[in-house]
Amino acid sequence: MDFASDNASGAAPEVMEAVVRANAGYVPSYGADDVMERVTARIREIFEAPEAAVHLVATGTAANAIGLACLCPPWAAVYCHAHSHINADECGAPEFYTGGAKLVGLPGEHGRIEPGALVRALATAIDTGVHNVQRGALSLTNATEAGTVYAPDALRVLAHAANGYGLPVHLDGARFSNALAHLGCTPADLTWRAGVDLLSLGGTKNGCLGVEAVVLFDPARAWEFELRRKRGGHLFSKHRFLSAQIEAWLADGLWLRLAAQANARAAELARGLAALPGASLVHPVETNAVFAALPRAAHRAAHEAGARYYLWPATQELEGPDEDPLTARFVCSWSTTAEAVARLVGAFAAA
Amino acid sequence: MDFASDNASGAAPEVMEAVVRANAGYVPSYGADDVMERVTARIREIFEAPEAAVHLVATGTAANAIGLACLCPPWAAVYCHAHSHINADECGAPEFYTGGAKLVGLPGEHGRIEPGALVRALATAIDTGVHNVQRGALSLTNATEAGTVYAPDALRVLAHAANGYGLPVHLDGARFSNALAHLGCTPADLTWRAGVDLLSLGGTKNGCLGVEAVVLFDPARAWEFELRRKRGGHLFSKHRFLSAQIEAWLADGLWLRLAAQANARAAELARGLAALPGASLVHPVETNAVFAALPRAAHRAAHEAGARYYLWPATQELEGPDEDPLTARFVCSWSTTAEAVARLVGAFAAA
Amino acid sequence: MDFASDNASGAAPEVMEAVVRANAGYVPSYGADDVMERVTARIREIFEAPEAAVHLVATGTAANAIGLACLCPPWAAVYCHAHSHINADECGAPEFYTGGAKLVGLPGEHGRIEPGALVRALATAIDTGVHNVQRGALSLTNATEAGTVYAPDALRVLAHAANGYGLPVHLDGARFSNALAHLGCTPADLTWRAGVDLLSLGGTKNGCLGVEAVVLFDPARAWEFELRRKRGGHLFSKHRFLSAQIEAWLADGLWLRLAAQANARAAELARGLAALPGASLVHPVETNAVFAALPRAAHRAAHEAGARYYLWPATQELEGPDEDPLTARFVCSWSTTAEAVARLVGAFAAA
Amino acid sequence: MDFASDNASGAAPEVMEAVVRANAGYVPSYGADDVMERVTARIREIFEAPEAAVHLVATGTAANAIGLACLCPPWAAVYCHAHSHINADECGAPEFYTGGAKLVGLPGEHGRIEPGALVRALATAIDTGVHNVQRGALSLTNATEAGTVYAPDALRVLAHAANGYGLPVHLDGARFSNALAHLGCTPADLTWRAGVDLLSLGGTKNGCLGVEAVVLFDPARAWEFELRRKRGGHLFSKHRFLSAQIEAWLADGLWLRLAAQANARAAELARGLAALPGASLVHPVETNAVFAALPRAAHRAAHEAGARYYLWPATQELEGPDEDPLTARFVCSWSTTAEAVARLVGAFAAA
């Protein structure tokens, strides 16, 4: 009954086996391994992007922050959702890697940037000369921090607003596979065809040990990315262990199968929770996270039964009147079982 | 016959098995795994340092650069060997993480800083007021880039010179286990008892997939290290896979056995090469690297036989008069076999 | 009729004469001039702060950004008003000097931070571990960007909220003298007695050529300030020309007389504008700036008469229906004459 | 008898008068003053560079560091003389502004980079991939820190070596006017015709209060310079006081007359000192600085007579055997009198 985060799950067996296989013998280091060549070819094929540059790092924060640093200068404003991971959960990594850019947190329901808010932010930044930071980049997250998705059209609207000012678009795809599994569109539709310039394609949360592929649809800044990666300490000497993870993860649609499993468990969980007395869903459940309000007494019962998940925000208290609703986040992973979901719902129902 | 680098080798079976074992079930993320607690306890025990703080990252560059950033401010001079990894092989990562410190490359034979050079550099930095960078930290490497070691007394002489000005001492221990295996002293003797404040303890090159333990003997800056690690994108969500590597590597003396194997192969190789006509060793062979000068014709023969290693410096050319000596670096790893060594010597001897 | 900014005015005659006098002969450079010693003594006396460290720079942005960098680390959240100069008008200088801190823009009417907003921001930052930036510093502005002031009690409320979390308080005093002239309290009451740790005391806008005194009430970080100033290129070799300005400006209460003059002109202007048909004041007029809404036709008339000032925000257009109100900012300086004020009011009245 | 530095001198009367004149009335701020337009036109004319962009800052460190940041990325190696101001006297300002570039200090007699040393440094940086900093820029100083000059041909040799690798060339011209006065060539010959891309043209040390003109012969990076200047806190609101200095300084050849005066005094001083028993010149005297070795007893006599200058290096001691030679630096300024030179020589001669 661990619903704290998909990053508390392990690696899929296929991925772990690939890591074990990759261990044989001597292999050129620092990304010169043969597997990496195949990974690049595979990602170009999947994304219908024969020119794209592909580089691997081990964490999502590195992928996002190094990617953004390649897209905008230190004096940039980076437009993002107020609750986006880059703004709220990376301890200022984007500021560090960009050399001090300013993240402009925008509002929007259910984790999605409200297009009007972006348009207003861009428009009011007009003509300030050197006196403030300059429009720099747009950063989107798909699936969002609220577990919702942007469909290709929704991405395109935001990307177009940014492109109108010449801004590039970064996509934090820590849960890109979950969004893709939900939407059923092509990877190209959800990235470069919708205006995305650089994608952080997350493997870690969905069945890998620790690997993210950074896909630069415009390879012009690929060398800069490599230098920033090295300088940030993110170039692995035994790089084969990163390559092997991604290769196995993308093989035979594994990444999408794992994502679909996680999404399906979340849908079940949402149905189960929504049916409980006094319960309600906070955000539409579109991928692998469920945000729900439940009576405090139900939370206490679940905690006593050993359920692991976060009250969201974490400042809420388990002590207090039974009937008060507390909101919580439940994240399913590729390895969450239907049985665990049923037990969790049962624990809440027991209250 | 791959002698290009110890980082082209794989992981030891015990370490890989631990990674596979660590994959079971849900585990708290971001370093809150149980294994990490045991790792900290074990390192404190091995180093006789019950107060030490221990944190893991995946690369040596991250360990060095984040560690240095905790030891000195942006306006610091960091004294190091001119050929040290932080100065010559990290694309300016220390400058990046410190916010622009200045690395002062010092001379010294066989990769070891000449104490007089350090003393002079420290003394001539006196009393410059705000007009130049301030004395900041001493960074040592053991084993050195030349494959030699500092014995505890040699470390102490340099550390004392730095301490006289209030400077802390960083130790790049990417091959610390190789140095320790050679010297046969205690880990404490080779670190805090000799004046080291912060150690980058390298697992990657000696049998791990990718993990380095940063040991802060003075835990006062441990929280700062954690923030800098996160901000640098180096905090793993599935941290258990780092913890598991180090735990297995330190268990039952595995780390020292692996290091001793690599050192033994290098000693054999050194003997074999030194006996060849026209050959000579460039540095004393004390750990797992052999630097040797051999006639160009011998290099050509070895390359044709499929030997992999680097001419050092790489600007030398295989084309030219047969008898000219070319210098090269050969690195043995924990997995280098006696048979591979014999074949390499044989390939050179064939010329 | 130039009301664009107080920084478009010249230097007061007393200040310019002091600069000319300071030109005589050879004088030790880099702040070792005798005048600087007297300046430090004088500021300590005026602020009843015998331990304070005092350093000069030539611009307000430098004073603010270097000061903030001394108060908080790169991973800090700096709480400030959303419209504060450091957040909206310095092109990210605080981000640059701090190494990438995150400015958290807070709301509040009339340029003053709403205390509840500060308290909520501080409280909701609780217990996020390393995952987001850490509470770092509070930055206040007095007089505010809206021309209003914080009285000592109002400062104290905000400073206490920050101090409760151990945060230091920076005060952007680009128009500190105007605030002081309005309030009639002591400099100590408006700074350290109210919880301010570091003051940027602005001379430039109020009668100097270009000089700001940074006053560190806690001198512990004074040396760091000096290093950051030098490293930022803000240590003047011919420092005497900075010292001389401040000395003359503080002599015989000149700074407060100049501020009072500017404030008096703004009060006259406010009265004059408020009496016009269709006009209203946007903010209370407490120092030397007037924010007023006036019919578009009146603005057109004033522009044709040669009046200089900014529509605020600048995105408003002079073209459009006559009766629409446009808001504008009018800034008086020490050199604004009553006659210029009368002419400006007359120009608006003519419409 | 003050020979400590040219920056201990005052401003030339013509420059001070211009500053006083510039004080009249309201003037647009932040560089939009009319004088600045004339300054740009004048510098383009003098340098025969009709496209050049010109921007002013108040210190040489700002001019150098911001300029370098526009020429190379954070992962750059900046090749410069080991004793250059940017490497030895700016507290790491270039590292700060570039975001952590690495300054590579090159040897060379009399303050001039030895061309072979540059060529070797460039050549040995070949083909290191991402593992070390990349060749970034060449920074030259003219006149050098040793008071010597590079003639156009000497500049061209070094610039060509850099250009061969695509590197831009920065020229620290803190004493450019002294070099020009010595050589008698055109400003164009000593800058862009010799391969210089960006010049820091120093007014401060030679008759101004505090102003340096940054001349970008390739204006492509002019906007970036403006943003970096603002972000560094170096954009003056009352910019007219910078413009006025440079305008007066460049009018009617004043800058070259002042430089010629300073150079002439240094030549007299060199002749006087060289004639003393036990004395010798350390560097050729080509501009306004004299480096000489004199017996310790002579130094003691001069100090007792009130002479001000620096022993160079400053670690030498006045206490010790009389006959030991101590080396010293004597700097003449535009305001140094022939009488002061004679008195200084007399003071040494008295010993």
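Letters A, B, C and D mark the chains in the order given here, with residues in each chain numbered from 1 onward.
Here, contacts are C-beta pairs under 8 Å (C-beta built on N, C-alpha and C of every residue); 3 or more make two chains touch, one makes a residue touch a chain.
Everything numeric in this text was worked out from a predicted model, so none of it was measured.
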Which of A-D and B-D has more C-beta contact pairs: B-D
Relative to chain A, chain with the most remote C-alpha centre: D
Chain centre separation (chain C, chain D; CA means) in Å: 34
Distance between chain centroids, defined by C-alpha means - chain B, chain D (Å): 41
Centre distance in Å when chain A and chain D are each reduced to the mean of their C-alpha atoms: 51
Residue list for chain B, restricted to those that touch at least two other chains: 74-75, 90-92, 96, 99, 130-131, 227, 230-231, 235
Touch list for chain B against partner chain C, complex: 30, 73-75, 99, 129-131, 134, 224, 226-231, 235
Of all residues in chain A, those that touch chain B in their complex: 2, 4-5, 7-11, 16, 19-20, 22-29, 57-66, 90-93, 96-97, 204-205, 209-210, 227, 230-238, 241, 308, 335
Sites on chain C touched by chain A in the complex: 74-75, 88-92, 95-96, 98-103, 123-124, 126-128, 130-133, 313-315
